[in-house]
């Protein structure tokens, strides 16, 4: 039976760290669904449309990946999509604690869905969407921080102060 | 293509926490290989033969699981067995730090093999092989700490001081 | 001399984890005072009145527990109530760091009052008030997450969008 | 009913950090029992007799403290002594993880006995029995690291290489 | 060649912990520049002018220290000032994780500038600018928490609700 | 006045991570002393002579670095050499906790000597002397794990089982 993995996140915006995790995942599972959170409480800088556009441009060479937005409970989407696994990339201990509790909560709510944690490539260990936004907003260089396919879009979005 | 996962460990002895991880794993991957370390530096209490026997008794109802010992580099076995994934169960932060470094080292040595971390069931969060041995050696109750199929063997091994 | 323990918190809302800690506490100390923070900076979802109501319904069978709100410095209330001990439940490392610093600060401000940390029951390790609100707001099942006496009130509060 | 607290440890040797925790404890509980582990696996430097002697000299002004050795399962002693609480001093996160798991294990084995964690006085946060031994063995100054009542005994024990 | 160290922060307000780090630093490096962040996203309570005033009063006896505000990328100022080192004081693990990632990001953006971490004096381990504000806002005693030169200014600022 | 930094360690054997820290250090301080611990309690695999030889070969292009062994208290050597700073490289949180306590202890014993922590290059975050020995002993590839100048010596030492 085909195995389906979810890669949930806000992706505000996609980083090289995200791409690394998704690519590695796509070699293990039959289908990978990148789930972009539409939860307004996260107060993303980029519009949902733009965030999906960035993911799409960054992953276009990977065949078994789909992109989708969601705004309900993660495990409800997981059940609907018949996913077997939720994938979370970990960079650090503090990530881990929060994700650890979420994984246990999700396990209680949906015992048949597993959460697997993957370790970021050390090269991207310092990388986060907020760091990218911080650096870009202060005109720092974001080369190697985001997929090269979207680098100039991100620079321009800060130049033009337009994130939709 | 079939996906193969390795569950490496010393299993000295098998606990309910180990069984939980292996069972959950066996539902996601086509084949699961429980790899029992034969590294004498770990100075296990139980003989390799006994440790394998305990695993075997505890998992006999799971079809797609095999048990195997190893004494070389984990990623060499992984390549030989054409495994895609190494599975590690995490109970705590300090586990995580060590396993995190091992995962990055293994990624460097074998870029095509992934390490996935799974979170222990909270019920087993306090459980470790050393805790089982500590409790059993002081005549404490080990019910629910080890698979019931091996509980009385472990109690007897301490009574008779025989671990071979 | 009677020993008095404080259990301070926002309780927004009470969870099964809170109840577990308070009950265990009530067996050790002569009086337990559940202190509900009225600090508006915490921006609770539920009104103070409602939060106290939930605690009251959840604990009504415990004789030596009182409920009280406060809005000043915790150690000032502690002195006023002649409390000997502040009790904090810990679920995780990140909790611990913050609470560790608060305990040291409180020790400096009031050397005679001790902070004791208790470990959550593993069954509730993933539980927090925010997790309860997250799940309830997305229509997830909150059975076993909050005391059964208040479960339906919480479900209704989200249905009616009324938290006063 | 009288409340009894246990302060278990190896006390190899007693430090100012240990004394601080025990003294603070003695103000909250009716009786405090300092439990000195006689587990040979810990391979203490000082003999059990000497370790007890050091504790005794350091605590002689505290009325409600007793000293006792033990070599079985901690919770068995706790039940025998009708203790309500096990006290553990925490200096750091790595302490915490291990003690956290022990507390959960003990809770499972003896549901009526609580573990309370206390935070070391920041002045002693860097202090441990091993640090004391390390410093003393290299002729460093141990003033303020151990109770002044035992300072010269410890210095002499290293001079004479006699720990019995 | 002269070595220059930067001590960046929000200093909202200066604490005894900050002063301790800066003083110790001034003995190792030829010049120390205290860099006060003017980033409005941090939403400081005190105006930039007031924060600089507090630092100035607290450090006036140290010859080789200068104070300066900045609002761009830290490493851009570092390059402009020909600084060799960024100094960060650490109190706790969670500090460390964030600062660890920032240090790696800064290393990538400016390979010639090092980040050095210093451990707070244990006496100040519980101290932070937010703790000072919390205590002062609730009329608690802030003696020993902030440099004595600014203690009464801070108390007054809360009395008069004036932070400019 | 010249500033002197110590880089203490067991260096059993030197890794690329060690070299990275020492090189970066040598650009900030006037003199760097690599201090090789001769403490037999650490039970190093390689003889002191061999460990010094490896460091020497790996650092020969750096002018202001000296190598020295020591077997007393670190801060005694530090005083004797008139060192201003002890440098420690950090890879992970568990490192940090231990080093944090050592730094505070050393600060108490020698208030004029500072400990500075540096963050490993992410590329070496998974690297430790034990990992190198583990991999080499199992015939794994150690390229990029140790300085290339000593790579073949280490491989041979395991082939010939000769570490003196």
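Lettered A, B, C, D, E and F in written order, each chain numbered from 1.
By our rule, contacts are C-beta pairs under 8 Å (C-beta built on N, C-alpha and C of every residue); 3 or more make two chains touch, one makes a residue touch a chain.
Computed from a prediction, not measured in an experiment: that's the story for all the values here.
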Provide the labels of all chains in contact with subunit C and in contact with subunit E. A, D
Which option, A-B, B-C or C-E, should count as the same interface as A-F once over half of the contact pairs match? B-C
Please identify the chain with the largest separation between its CA centroid and the CA centroid of subunit B. E
How many angstrom lie between the centres of subunit A and subunit D, each centre taken as the mean Cα position? 48
Averaging over Cα atoms per chain, report the distance between subunit D and subunit E in Å. 38
Using Cα averages as centroids, what's the distance between subunit E and subunit F in whole Å? 31
Going by residue number, subunit C touches two or more other chains at 93-94, 97, 100, 103-104, 122, 125-126
What's the complete list of touching chain pairs for this entry? A-B, A-C, A-E, A-F, B-C, B-D, B-F, C-D, C-E, D-E, D-F, E-F
Using the touch definition from the top, list the residues of subunit D that touch subunit E in their complex. 93, 122-123, 125-126
Tell me, which parts of subunit D touch subunit F in their complex? 91-94, 125-128, 131, 135, 138-141, 144
Along subunit C, where are the residues that touch subunit D in the complex? 3, 24, 27-28, 84-85, 90, 93, 96-97, 100, 103-104, 107, 112, 114-119, 121-122
Would you tell me which residues of subunit F are touching subunit D in their complex? 72-73, 75-76, 93-94, 97-98, 100-105, 108-109
